[in-house]
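Before we start, here is the structure in question, set down as structure tokens.
Order as written gives the chain letters A, B, C, D and E; numbering starts at 1 within each chain.
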Amino acid sequence: MSLLELDDLSITYRIASGEVPAVRGVSLSVEAGEALGIVGESGSGKSTLAMSLLRLLPKDTRIDGRILLDGEDVAAMKWGRLRAVRWAEASIIFQGAQHGLNPVQRIGEQIAEPLLVHRIAPPEKARARVAALLEQVGLPAWRARSYPHELSGGQRQRVMIAMALACEPRLIVADEPTTALDLMVQAQVLTLIKELIASHGISLLMISHDLSVLADTCDRLAVMYAGRVVETGPSNGSFQHPYSKALAAAFPTVGDPSSRLAPKGLGGDQPDPQQLPTGCVFHPRCPVALDTCSTVDIELRPAGDRRTAACVLVLEERC
Amino acid sequence: MLEAKDLAVEFSSRGRRARAVDGVNLSVGPGEIVALVGESGCGKTTLARTLLGLVRPTSGTVSYDGSPLTYRSKALKAYRRQVQLVLQDPMGSLNPRQTVYEAVAEGPRIHGLADEEQVVASALARAGLRPPERFFLRYPHELSGGQRQRVVIAGALALDPKVLIADEPVASLDASVRGEILALLLRLRDELGLSALVVTHDLGLAWNIADRVAVMYLGRIVESGPTEEVLKAPQHPYTQALLSVLPESPARIVLSGEPPDPTRIPTGCRFHPRCQVVAAGNPIASKCRSDLLPVLPATADPQSACHLTPKLLG
Amino acid sequence: MTAPAATELIEERPARHGMLRYAAAKVGGALLSIAMVIVATFFAFRLLPGDPVRALAQGRNMTPEQLDLERSRLGLDKSLPEQFLQFVNQTLHFDLGVSYEYKRPVLDLIGERLGATLLLTGTALVMAVSLGIWQGARAGWKPGSRFDKFSTGVSLVLWSVPTFWLGLLLLMVFAAGVGPIPGIFPTRGIESVDAPDGFGYILDVAKHMVLPCLTMVAVVYAQYLLVMRSSVLDEVGQDYVTTARAKGLRDDEIRRRHAVPNALLPTVTLVFMRIGFVVGGAVTVEAIFSWPGLGQLFYEAIRVPDFTLMQGTFLLITVSVILMNTLADVVYHLLDPRVRSA
Amino acid sequence: MSSITWTRRRMALGRFWSSFRTHRAGVIGLAILVVAVVLALIAPLFIDAGVTNVVSGTGEKLAPPSWDDPLGTDESGRSVLLMVWWGSRTSLLIGFLAALLSMVIGTVLGIAAGHFRGWIGAVIMRITDWFLVLPSLVTALVLAAILGGSTVTIIAAIGVTSWPSTARLIRAQTLAVEARPYIERSTALGGGHWHITTRHVLPNVAPLLLASTTLEVASAIVTESTLAFLGVSANKTSWGTMLRGSYDWGAATSGAWWYILVPGLCIVIVVMAFTLCGRALESVLNPRLRRAV
Amino acid sequence: AEAPASKVIRVGATQAMDSMNPFLAVRLVSSSIHRWMYGFLTVPDPKTLQPSADLAESWTTSPDGLTWTFKIRQAKWSDGQPITAEDAAWTFNKMITDDGAKTANGPAVENFASVTASGQDLTIKLKAPQASMLDNPVPIMPKHVWEKVGDIAKYEAEAYPAVTSGPYIAVEHKKDQYVKLKANPDYWRGRPKIDELQVIFYDNPAAAIVGLKKGDIDLIGRLAPPDFDALKGDDNIVQWNQQGRRATYLQINHGATTSDNKPIGDGHPALKDPRVRQALHYAIDKQKLVDEVQNGLAKPADGSIVPPMYKDFFWEASGDQKVGFDVARANKILDDAGYKLGADGIRTMPDGSKKLTFRFSIHTDAPIEEKLAEYLTGWFKELGITLTTKRLDSSKFTEETGTTALFDIAISGWSVNPDPEEVLATHLCSRRPTASGEGGGTESFYCDPQYEALYQQQLKELDRPKRADLIKKMTERLYTDAPVIALYYPNDLEGYRKDRIASIKPIPEENGILYGGSGYWPFYTLEAVSEDGTAAADSGSNTGVIVGVAGGVVVLLAAGLFLARRRKGVVDDRE
């Protein structure tokens, strides 16, 4: 049984002007000890997906399909059970490290909070645990008495990681953990995450819009476009879906002569989730679109080497 | 064409003096695209703003076409017809209450150009928004990110500048759109002979479009030269480290700590506290700690400011 | 593979001396403000039409000699700069002049009434602030809820009511009694003439405070509610709130432990910034309920008009509001870790 | 092209209206305001200042509401209904003009303080802060007492004491606007102080200004009545002076509730309407608050 | 703390005590309280209002009227010390020598040349004869207590119990709140019939009325007409409505001059013409003013500044002399005098130089004057005269209408003492200000030889009926020459609870006033309804308990609600 299993998950926000289908029929699974990366443009529904795992979305959001955390349906949990699951079973590292921490509480208190809430450690022991956690992420123990603004961005993100580890959850969801960070600091944080995941045997669901970040950290990748997963596969293979390809090409390899003085990109605009194109949602921007693409919606299909992709061309190549 | 000489900019922040730019020589030739790369807070934006005359340098000069910039408002205004700015965040660079037409026409209006509508239409067309009339009355929020950035570029082009200074022009854009804008910059260079200084922290971007790269660390340029040479055979340990954390690189050198702050610049080589070569116990490390390095001149040849460089080269 | 943590090692504890400098700057600013008040007061009251000496006489017959004597006693025969210096000097020595009406030092008169005003405005302020903040926090936490609609609605209606009018209505209803409502509350003052001692006295004063306090609280608390509401509203969507929820905290725990402390700090500054408003309200409330406080004194000074008294009360009220503000500012900076060492 | 611009503007207005319409309280407030203002404006078509003349007041003194005088009469037998109708002109006039004055001062100083950093801004801020902490009612009272009571002095007293909050708001907004990159871009295009403040800052603060002015009118009306109650009034019949009259002539003790309630309720309703309207405007126009509703 | 049988009467006042020091206090409430506390040389007789013995048992005058000898009564101060002439001499001498002590009653000793004492005999030597000598308004203070006071001008006299010689002893004063007075058991006339008298201060007249109706206070004087009307219909309350000691009149700038007869001010020239003043007088419907402004609780004035309450001195016009409301006649007077009506309905001066537009100066914050102005404006309009209202604060008002003469018509009024000399003096030439604006105290800038002569005559006339005749002649002169136009004599309006006050004697005993009258009679003779001495206090503490309990309940409920909501909050978690 997978640690996390998403089964035909659809999430629809309700706003004044109608419904926003942010996630549409996503099925994914994360095995124990596995690191799955989700990549996609802004607005493709990545964060929505992450938030749904612990039922953190606004009240009136409609969720269809199933989210199974360790075999248990998150949507069906009672409040008490849900609160017990939150953080203890799965924790989240949010995008903006500077905002994920309460600015007027000392860092130590914030790290200790889940320990106390879940009664994992009594207050007197919690302090020692906080110190240990801080040390694990490479921060001196006295930092527990600091306030978030006294730390740099990278240090804050380390605190977030320490906090996520506090209850020793089996799954950590990291939603763009390095986006706001500088190149070198980003490398530091990613290295840290990788080491910790490996040493604790924790599963990781990492979200980013930067392929290069994920390629290095994750075992498997899922590419999202307009609320859909359009391709899944091992992180070291080559992409099949034209969108994934375009995404990969946008991050050139330094030293690769083919991209020298020849930036590549994708024309057109992202689709408006409230007015999705018919057929394959990618077809208006697709450089290799066929006529049928505007009418036929393609499901994920096998594309060789533990890979699936949702593109007509993939099938044709196979056959 | 555009040249900075011994430029230094100081800010006083919380009672201390921050030397955001600390002795920079840099030139951008006609039709040349120069990329300025470096970590966050190393002074890239400050340098760019100083080049535009938005910030007055503490010392040193900015000169355009050989004549140094004066800071009288008239001279500045004239200068700004020649040198234009494109900022990182296209949404923020457009006044949400102005239509595309008004946004692009702002420059011509300030400078009192004749035939405004014609100027605006051609600028939009050159920025790749065709047919321009279709966009005249749109508001920024009705455009996609890439289109917005094109409008900003069109606003700059409307004044027929010779040099474009772009501060992280694609950093806030989606990966898929980024290529388009970079392609536009290249095309403008080819078609109009526009020079550009592109400020970025993304080495891939430099590789994509720049003729020359300058690497900046803590207010100084530590290495510069033609793109191919700098990015393929970096001389300075800092550049090497930057390149090593790119995903494809075989061995990573992750520098620890944050970029030091410009209020406390280390003595000797300013990079030495983080330098992997010093840390590895290189014999000349003591020299790195104490001896100052010369400021690199504004030449096009590959050069690097490091005590080790001659040895490494040699 | 990883270079040594050089910067990590040389890292030092955050410095605190920024706070002192901040406090010094604030106090300096307050002193400047007070100086401005003194200058403005001097010139404003010198602009007043009429001869202060004659005003002092209040229509009684005075010989030219007496008038001259008075004039030199008040220093009015000197030149304007000299008068100004004298005024500043006296003010700095807490000499606010002698009331025309009472023939007594203004400072004494103020001193006698300060306690009553502090009691009333202090209680009202504490009640209004706690009520406003409590309701505002709840309303902002669940915007659009019934509680939100109700409390915001009620507070907005009360906010629109002129203080004196509400006071009069309350007086007519709860002190005089209307229909079935008995007039159980006293009609005036701070205590009964035959107030008992000890606890009974406290009870008696409390009874006298009910209506004036209610009036002030009713009109004033809306602004605290609204400010608190919108600052809590600002916090609702913050990432750290989501984090707290993801940590498994209960909703009310999140509100109390995370959202409110964050929302409180900006609210508190506003509370103190608008203290002048409360003081203004005291003028009418004290007049309606015959409360023997500063507001009443000021009202009396205006009606007579007794310019030294007016000037003295104005100076005192303004200066104390400025000082309160400064104090609040500094305390706020002491309390808020975000600004403490930033 | 200008016609297209006009169409766009109208569409923007339409968008604004359709989002304003979702604020039920705001719409109710607006409706009340429109009715109140229209009534005040057309009053001279039906009545004149004569309704406030005691010599021609024919009714019985302090008569309760009846068919002849639907809202009763005052101490001189004048119809309270006609008096509040006529008095609304003064109350609203003072409210609007005082708010206008305060808005003009506040906007000019606020923008200047936000735009010019350095000592100019610092000095303006110092002055603003100083005025802000002054107890405004007390100051207005002293001012009006010094200047003597008339419509103009009342307006001046209210306007001069109430601008600082506008100035602060505008300054904050100016700072926010000036932090936006498009200001930098405009400078880079060669725009000067005048260009930036009038082309970018002013249009951006204008909507907020509208909302804050609306709220300001509300508080000016209340302040006018309080000043009138404390004995400083314009020499005209206004709701405030009527309330003062009811107080002076013992309406409360003689059980003439209509004389106390009617002008008071007029104030409450109109002030409330302004407040609701202003808050709705604020939440429509201020994106920071927009998501809150 | 008080024995249950103690009889307490509470008097409301809409003015607070300004000072407990009689040398400084000028407010009416203060002088009333001081009258209840201290003896005077003489006190107006409760029936005739003529001076009668108080601390001075008897007195003699020297033939030239310059030396007065008073025999001080053998009585005791409330601390047991005997009262001697020394006390009186000290009091007067203090006032003569110490400027600070002159604040309240300075003019009363202005004419004193010397004051000496020997035993119980007090000798006062005057600079000039003075008929009002027996109406001396100065309370006699205990020398043995007050001589220890350093600076009288700064002394607050807040030492309790006060040492007094009158019917009451002040025992407590809370500023702006109340004064408590105990009956003086050793009062030489005998102990008052009640035990305690309290004076409670209200800022808000409406609250005071409520207080009277509720029984918080038992008596309140000096009511405004609407407040008085508001007491109607309450069975427990006696509405006391009597002629008052006040006259309300218009002061007309009929050509103000300084004491050296130089014109001053900017009065309208038309008002110099007695015919215009006459016309204005005819255009005033005094009855209507009384009805509308005073709710009928006043007497229209057909006389001048001395009110009918003082029967001896009151003079009333009759027959031809009487000016009634007659707009037609007023118009005719103006027409005849050549003030032609312009096209705009406004009259001009006969030479056409100036329109008849007068200013009417009133006080700010005076509703009755405000209303008066509205009526006058209405009537004068019918004469073709425009009247504009000018509101002035009291100091400015005093200055403009008393010194600089920057007015046309001004409101005025004067409370008249049993001896009207002072009010008559306000219309003397000598009261006009000097050219430099010093001195003054005139009520009209009047300077009329005939009037001056009459005044001098009455000063010397010690025979009361004859003096009264002279005084009547003076008022007649004021009526016909119209430098002032009396409008009405407001009634004295008061109210008291008959379930608390069994009897109270006004002063004068026939149709007199209760509170604020001269002398202590009403409050000395005051009798409380016996059985119900502590009722008010009881109910007070009861409501206290009720409120306390109610408050507690509210707090508990709120706390309960809070807890309940919190518990609910656990269930009502959000998503």
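The rule is short, and it goes like this: a residue touches a chain if its C-beta (ideal position, glycine included) is under 8 Å from a C-beta of that chain, and two chains touch if they have at least 3 such contacts.
All of these numbers come straight from a predicted model, not from anything done at the bench.
J.: Just how many steps, at minimum, does a route from chain B to chain D need if it may pass only between touching chains?
T.: Each step joins two touching chains, and the minimum needed here is 1.
J.: What are the chains that chain D and chain E both touch?
T.: Looking at chain E and chain D together, the chains touching each of them are C.
J.: If you average the C-alpha positions per chain, which one ends up nearest the average over all of them?
T.: Checking distances from each chain centre to the full centroid gives C.
J.: Quick check: how many Å separate the C-alpha centres of chain B and chain E?
T.: 87
J.: Return the distance between the CA-based centres of chain C and chain E, expressed in whole Å.
T.: Result: the chain centres lie 38 Å from each other.
J.: How many Å are there between the centre of chain C and the centre of chain D, using C-alpha atoms for each centre?
T.: Computed from C-alpha means, the inter-chain centre distance equals 23 Å.
J.: How many angstrom lie between the centres of chain A and chain D, each centre taken as the mean Cα position?
T.: The mean C-alpha positions of chain A and chain D differ by 51 Å.
J.: Where does chain B touch two or more other chains at once, residue-wise?
T.: 252, 254-256, 258
J.: Which parts of chain E, given as residue numbers and ranges, touch two or more other chains?
T.: 206, 210, 365, 393, 573-574
J.: What are the residues of chain C that contact at least two other chains?
T.: Residues 2, 5, 8, 49, 168, 171-172, 176, 250, 287, 299, 303, 305.
J.: Taking the complex as given, what residues does chain C use to touch chain E?
T.: Listed in rising order, the residues are 49-52, 54-55, 57-64, 66-67, 69, 101-105, 112-113, 142, 168, 171-172, 175-177, 183-194, 196-197, 200, 203-204, 206-207, 210, 250-252, 286-290, 292, 296-297, 299, 303-305, 307.
J.: Could you please specify the touching residues of chain B with respect to chain A in the complex?
T.: Touch list, chain B to chain A: 39-41, 144, 146-147, 174-183, 186, 201, 203-205, 207-209, 227-228, 231-232, 241-243, 245-248, 252, 254-256, 258-259.
J.: What does chain E use to touch chain C in their complex?
T.: 1-2, 8, 10, 16, 18-19, 24, 26, 99, 103, 106-107, 153-154, 156, 174-178, 180, 198, 200-204, 206-208, 210-211, 213-214, 216, 365, 393-396, 398-399, 402-403, 431, 434, 436-441, 537, 540-541, 543-548, 551, 566, 569-570, 572-574
J.: Taking the touch rule as given, give the residues of chain C at its contact with chain D in the complex, in rising order.
T.: Counting only chain C, the residues touching chain D are 29, 32-33, 36-37, 44-45, 47-49, 143-144, 156-157, 159-165, 168-169, 171-172, 176, 230, 233-234, 237, 273, 275-277, 279-281, 283-284, 287, 298-299, 302-303, 305, 310, 314, 317-318, 321-322, 325.
J.: Give the list of chain B residues in touch with chain D in this complex.
T.: 49, 52, 54, 73, 76-77, 80-81, 84-85, 87-89, 92-95, 97, 99, 106-107, 110-111, 117, 136-137, 152, 155-156, 159
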